[in-house]
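Starting off with a structure, shown below.
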């Protein structure tokens, strides 16, 4: 399989504290890849580096074989590489439908398209995706008034609305009612198979990530500790030590 | 548009047209009312709809005044000689020169302010929240101070435009209709703009700019366009004001940071930020309050005004529309809807 | 233009002119730094950006001026202005500031802007719009062949400013309240959990800021002139200094204060006295722009 995201020797430090050191990994096109590691191991920093949130100190990041480490966030997003936030971010004062509509892909939009209104198919897609995540009934409520879990689902639906090639999810199940997690795993898998979106997922819940990912990378202390299939990771002594030893 | 709204709009438009004839003694006040509505609506474009609270929009008002003056005078005479008090030359404008100066001055002021907004916006839109407010305030104050030292446009003494060549009352009427015309056009323009994807985009920037960037919005482009559009209208009304006032000076009239510059913000807060009608309602209330109470306060007007700002900001920040939205959410389309299984 | 070039070449022909400008700049800069320190305190502790900062300064100045006209010794005006402005600051805190702390930042900015307009207008109604100052009967010292003159009054002013600053710093370092203020500035929630009454800390901080400003104003009226509407430029200077130095950076605040004082006088010398206000504001824009470029380099915005 082709690698859609290639990270080579990426290092990033904040004021002397090394958050990532020499990390290399690749995300396969069309697959679901997991990223795990104890708290503070540099997972979110790596995500931020990939989507261009901050400049990296050294190394290279390629998306669809093109270097993106010098690009700003918006430009990377318009290439079809999107992320969701650990602390869910939605547009609080707008209702769910507006949240969805504004998430339509902007890479296809010229400046003058902004001065048009949405067509019927945009509304249908919105309704369809809101239905997909189970928020159809709440679509005219202000997004800010939804519960945390619902906001998380809305953010996921907004990401799908954007038709990304690859989607980076930062702890998609954190804060979600445990009874809904199975439904969410199912939806993530369907997003992968039905919409063909490559997923790269940070997750703390081991049951979720073992169930979801085909390949898993494990970070510890800002460095790549292990990689492999869920079975390999589960039986890797270094990973077990990292999780137990640090705490 | 349903029938009730249509009747409402026609009624408002009719009232706009006949108001100066119903209240012939208040033509100037009515014109000023439209000025307040316009600056409030344009402030809300960035402040309410896009979340960028500027304290320096008055910069475009003052700049519009000066650009109009320079155009109107420069078409006929040398501006430096015109403003030179010691020159002793007499300057006469024919009717044709006056009206071509008015027309080109107003349009030119709008365009110039748009371009300036793009330049200043490019530099200041990296500033967020309070830094943006202080930065824009700084631009307005700096402009006033620099212009008052610039002798070519009259320095601190200001500059005088030609007087309206015809009948004085007709002149008042003309300025009323100019302000009202710009106001109506602006309102219709905004009603349309907020219904497009552009309106959604600037609302998204207001709610969470970082998220909007992460979703690939051209945030800077939207911000610059919005500010340029707002500046266009403010520059135009600044130019109209310049012709209406005839004489103006930089610090108290043109770059009047603490008068009109802050009034527009108060109008919007009073009426309700981020709504189309809020700024209009707020501007009317504020202007009426100001005109009615002004003369009874015996010199304490400005203190009362400062107090009004503080009270509005501290105790009534959501404004009238915000209060309505809280009390009657269903009027604003906020509701839970059951899934229509038969239709789908 | 020739005028400007002439003024610049004057600086090179007569280097003593520079010394005079720098000394004067340091003297007023010290007073700017005081107001800026108060702003940084309030900004850091309760995240309120006070646009009425300069008007507190001017109000303190008028208090001292009025008392001196009533026959009180001028130097006594400084502690009296400190105490009275403390009370006024406390009232302002209770009525306005306490209600905007939890709101978004623009609210505090706008509310204090409203306050600034109110204070300036009240001073204008009470004392008129003329510029005022207290003439102290002290000699003037001359140096370097009479080119550099230092009125003793100004020296006393700087000395008082230094004493005030030192007093505040020692208070912040050693007293229980000072520790509580610093703890609240770092993390208000944690401070609450540890039993610090943050409401009290806020009220105290704001009153202290107001008192510092008042005392600074009382010094300014002795060494310079005040006018009811000069407040906004002092506020802007305070913002320039804090933006340039950053919060909680006391040496930075002092350095930036002295720097802006000197830069302003150089600007006034080169472009003419009419530009002094403009120079203060343009410096603000330049500092903002500089910080912005710094932030752009790490793809962040200035917030």
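Letters A, B and C name the chains as they come in the text, with residue numbers starting at 1 for each one.
We adopt the following convention: a contact is a pair of C-beta atoms (placed from the backbone, for glycine too) under 8 Å apart; a residue touches a chain by one contact, two chains touch by 3 or more.
Everything numeric here is computed off the predicted structure, so don't read it as measured data.
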Which word fits the touch map of the chains here: line, ring, star, complete or other?
complete
With centres defined by CA atoms only, which chain is the most remote from subunit C?
A
How far is the middle of subunit B from the middle of subunit C, if each middle is the mean of its Cα atoms, in Å?
33
Where the centres are mean C-alpha positions, what is the separation of subunit A from subunit C, in Å?
48
Distance from subunit B to subunit A - Cα centre to Cα centre, in angstrom
43
Taking each residue of subunit A in turn, which ones touch at least two of the other chains?
53, 72-73
Please name which positions on subunit B make contact with subunit C in the complex.
53, 55, 123-124, 126-131, 133-135, 138-139, 141-142, 145-146, 148-149, 156, 257-258, 262, 265, 269, 299-300, 302-303, 305-310, 313-315, 317
Report the residues of subunit A in contact with subunit B in the complex, numbered from low to high.
51, 53, 72-74, 77-78, 82-83, 85, 89-95, 98, 101-107, 109, 111, 113-118, 127, 131, 136-142, 158, 162
Which of the residues in subunit B end up touching subunit A in this complex?
193, 195-198, 200-201, 203-204, 206-208, 210-219, 221-222, 274, 333-339, 344
If you look only at subunit A, which of its residues touch subunit C in the complex?
52-55, 72-73
Please output the residues of subunit C touching subunit A within their complex, sorted ascending.
297-300
